[in-house]
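You will see two complexes here that share chain A, one where it goes with chain B and one where it goes with chain C.
== the complex of A and B ==
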């Protein structure tokens, strides 16, 4: 610190996936797959749902428990990583529109993450359609189960919005808009590697970013209502769109920080100094607080108003030993941990501390989605076992392999970016 | 005991930054630097310790949280319990917004106060201007006058060599007052 870094002109650096990392990724995917298979077998064979359940009916979906569990897990994990990818586009848009300079040296990381978006959305689309047609995710999609549910009189008023045709239409619209903007940002990025087009592309990217932020605000809320809030179709919350956004946003920030730290550990990105790391740490710290704010606002208003059609959602969560443990646990992981550990300046500049906190926070926000999905699809038959862990590891491996591969395809530094110099000399107190 | 200070006045922030590094490398302690705007990297170059204000903010913030909690607990549970919407008297979620607000209030007021106290700023304090242009485009370094004449010459030469445009030597502020009273 303090010395002047004089890094002149061109920095050529290319990442390549090494054997050790490949082994880890294969381990994640293989181990995850094994756990998933064990989980499915346990769920199918186990007497968990054979003994009770169908007799005294609590409402909810009628599909076999193991199928609902499988689709719930698929939904959580396909969305979790696709959400990280779309939030990477959001990050690029925010940085472009706010004319930020500091992030340029790490720009390739969000770009590589955003490249996962088309893959992630295709997987998510398959899961959503599968869940819809096998009646294992959405109560409103299953007429028979819906009529037997004691919330039928409320839900039937919402069927004008919650029906298969409209749902699929909205889904495709969201997917297409997100992918189009992701491709546009990548196009800008490639143009900015060419000295001849860099300035015109840089100016044009401002417009892309501004329009995207507007489109994103609407599509992200729609995505949250459709894919997660409609799992409990009788329930509604105006905060829900922001809540899912906040959750995915922190997940993205933690993931991007982890990838930067990983690259530094592997000896790349020597020009990324502790000031950049500090800023990433501040991002994770600040938006962990933001997430908590949104999470508590949603809970406080519903608790305070105490209207039965709102309160039952939290009542069901807090009166299940499993769900309530996770509900409280994610508050500890997502708020108490980053708040107290990342509070000091030194902690944000310490790569090890930051890596540990980011890993925990990443898992904590995966738990957000668990709480958004499982209490609705599995109700009192909720479970947290090998299938849940395995599915996460598997998708983490797939995501990691894809992103690191994309990272290796281009120079790690956007060497002609107009703010590169500023970013190389970035300094914060 | 010396009662004087030497001032080196510079007209460029880059020259100042290099000067500070050169002077400190010679083992001479720089007491203070006055600049019209924050100079990037000057804190590090001067070897100033990192501010302890964050600890003040944390302490008072925690005090704010506690105050808000105890105040509400006393009011709503002990002193005047009221049935509000059938909620229990000790309803923690409804305490949280006030606890949050007082945390922010205490933390922000305390750091402003601590900043003013630690910098000796109080209402009616006379501004100490070594050079009338130090709030516009001049940069001032303050060094305690050494005891022997040789060292004084050394410091003055060093200031000149590092690009100071003016070098002054004056009585210290605190001594000036004593002299006036005597």
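== the complex of A and C ==
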């Protein structure tokens, strides 16, 4: 390894969205939309919610099934991509604070992903408010349904936290904080493109990163409790915030890796060598294990203690053929697959293998959210059909368009970053 | 390897390789100072007090402790968890920080790993004593036996603890010792006394320093690092299971595993800071354990302290949110019940005190950092005390509510174990190189202040790709 690293590619290149990619994106959005419409029609005409009404002994929400299904899908997908975007900010903060150098050549990718955040949060906000006021997501928001629920005696204890006014207030606070920090990181990034301000901005970014990590720890937990845990308002788990964080974090890592691999396939980023790819692979591998650790600890402790107040949550999932299949399936996709496939060094350096694993893992963590939402909103009427697939494709297209568009607006490499040399010569032993 | 010139040097003082060897081996080849003897005698005396209390416990029985039917374990398990937690920093530094390519780990890993091993020894004493008949301690192993179908309870997290901690101890010990071998070879070549020479020669397994020896050494280290990584997570996760698998409010909470791991790293770094601040001062190693090293460790303490704070807050909030009267009572009782002082001591030391290190001038003031590191140790001891005693002392039946008061035997054992720990550490600092000499030398071409200056020079003259790191004489690294 004593020989000179030959740096390939042009570090002054700029990305532009080509026609083929545009076609794909349009295909995703159009095809997704079509599937969603088919899904809605099927859900409305299907006699699914015929017997469902006020007399239902299962409790739960009273709103029409198709509406709940629609909002559940909207919540999953708006959060899934907004979550990826906020975790991109987290990535930038961690890399800044820990003084990392290797990632500089791919820094534009998380930056571009983070640029989706404002859009993603506006969409998420609309969905949360819509779900709240149409009573199709949160049982606690519907007084009538809540009183009929057999968990009412527990849930009424928490209405001081779970009420519309406070919920919306917290939501706005989280949104504002996240967007402010995302803008601050972009401001730093733009300043670092200017040789005159690069060092002052670089030094100042440590503080932004550290404060963000502090704020993020609290807001992320709150977001997980509010948006997902409160879907089953009687249930509680202290691990839940960490779990949603771990899920979104792996989603982000997989997404960022996929975008880097896409760019390389399109002929960009020649200077990103197998060592950078190896590091991204290690991240996906390691945090897949981390996610599994969090998921397993939560499940094991609840299963072992077997307290009815907690166990019913997993009982309902495991006693539904659909949910239990997905529950086990996501474990296979999110753990078994990356663990065994990405175990070796060669696999992490092989772009094809990595692309396949990352795509699967991305979908697997989308399923995390499915399991966090559907068993609560649709209870035993859960469904996985065209609407679910379509909505994912549609949002994937929207997200992809925004991110790639942002990516094209600046040079692909931050030329004046003080660690650029380190990153260009990055080598993993 | 290219390193940006703006990164702080990890070795200062423009040292040559020979100087590194001399500096680190100085305490081994010279006679111990008066201060060392003073510290050693105090530690050894405290250790003897502890051994006395332990002997008394074993001969009389654990009735000498302040336990009662409501609080069935207290000081013993608190101290056990405390010491296991301290033992986390070593493996974190040698395995996880290795994976994250944190070069600064290289001059503190040896001492931190030694600390890990001593801490695990200290931890193991407590469950051993609580068995009452420590000579039957081997019954915790699933051995075929003459008791018929009598086996250990595989469903019990206490048994998982036995597996996890014994594995952890073995791997840490082997990892630490393997790392020592090349340095022991150096010591052997350095000492002049023939008996010492013989001993170090045996300890170094006749290290030759040949290319083949280095090759095997590096492969072994890598495999051991891989084995050690999951152990960092598993040990304290399973310790947390001891509590969290139960149905006791305050114990049964799902965030326990990562929260215990974060707490363990936090307390481990608290102890590393305490020891390193003294070691670098007394052994004159400030060129290797630089202010930059201290700064990085302080930052880890802030980060893990904040994680622990987040876990405390989450627990408290979710206890209310659960709507369960038992959960709510337990946490109100923790903060405002008869043990309120323990709860607030924990909260102040662990959550508030590290936060003042956000200020750079406080991080670089070693006296203040030393005080904070002691507060972290105290706070983490109280954390375990709070979790264990306050959750137990007022259980589901108010008629059996009791307070727990430790006896002098328990105090003596606890303090005595600190004596054991410091005695072992002082012996280590005298007899073995406290810094991994070979590893520090391996980064000097890139990360020493001298290399930095050359590098900056070539950086300035535009020869970006031809810096020292790529020169042919660095091929070995």
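One rule holds in what follows: the second predicted complex is superposed on the first by the 415 of 429 C-alpha atoms of A that agree within 3 Å, B and C clash if a C-alpha of one lies under 4 Å from a C-alpha of the other, contacts with A are read in each partner's own complex, and residues count from 1 in each chain.
The working rule: a residue touches a chain if its C-beta (ideal position, glycine included) is under 8 Å from a C-beta of that chain, and two chains touch if they have at least 3 such contacts.
Model, not experiment: these values are computed from the prediction.
Visitor: Following the overlay on chain A, give me a clash-or-fit verdict for chain B and chain C.
Guide: Chain B and chain C clash in the superposed model.
Visitor: Classify the contacts of A:155 with the two partner chains as first (chain B alone), second (chain C alone), both, or neither.
Guide: Only chain C; A:155 stays clear of chain B.
Visitor: Could you tell me if A:422 is touching chain B, chain C, both of them or neither one (first, second, both, neither)?
Guide: In the superposition, A:422 touches chain C alone.
Visitor: If you stack the two complexes on chain A, which partner ends up touching A:41: first (chain B), second (chain C), both, or neither?
Guide: It touches nothing on chain B or chain C.
Visitor: Once the shared chain is lined up, is A:343 touching chain B (first), chain C (second), both, or neither of them?
Guide: A:343: touches chain B, not chain C.
Visitor: In the superposed arrangement, which partner chain does A:318 touch: chain B (first), chain C (second), both, or neither?
Guide: neither
Visitor: Applying the document's definition of touch, where does A:242 land relative to chain B and chain C: first, second, both, or neither?
Guide: second
Visitor: See if chain A has more residues touched by chain B or by chain C, and give me that chain.
Guide: C
Visitor: From the options 9-17, 63-71 or 171-179, pick the one stretch of chain B whose C-alpha atoms clash with chain C.
Guide: Between chain B and chain C, the clashing stretch is 9-17.
Visitor: Once the complexes are superposed, what residues of chain A are shared between the chain B interface and the chain C interface?
Guide: 1-2, 300, 304, 427
Visitor: In the complex of these two chains, what residues of chain C are touching chain A?
Guide: Of all residues in chain C, those touching chain A are 1-4, 6-7, 99-101, 233, 237, 241, 244-247, 252-258, 299, 303, 306-307, 310-311, 314-315, 318, 320-324, 358, 459, 464-466, 469-472, 474-475.
Visitor: What part of chain A is in contact with chain C in the complex they form?
Guide: Per the touch definition, chain A meets chain C at residues 1-2, 4-5, 97-99, 101-102, 154-155, 157-158, 161, 210, 213-214, 217-218, 221, 225, 234, 236-242, 282, 286, 293-294, 297-298, 300-302, 304-305, 307, 309, 418-419, 421-422, 424-425, 427.
Visitor: Spell out the residues on chain A that touch chain B in their complex, using ranges where they run on.
Guide: On the chain A side, the touching residues are 1-2, 296, 299-300, 303-304, 306, 343-345, 427, 429.
Visitor: Sort out for me which residues of chain B touch chain A in the complex.
Guide: The touching residues are 40-41, 43-45, 50, 54, 58, 85-87, 93-94, 96-97.
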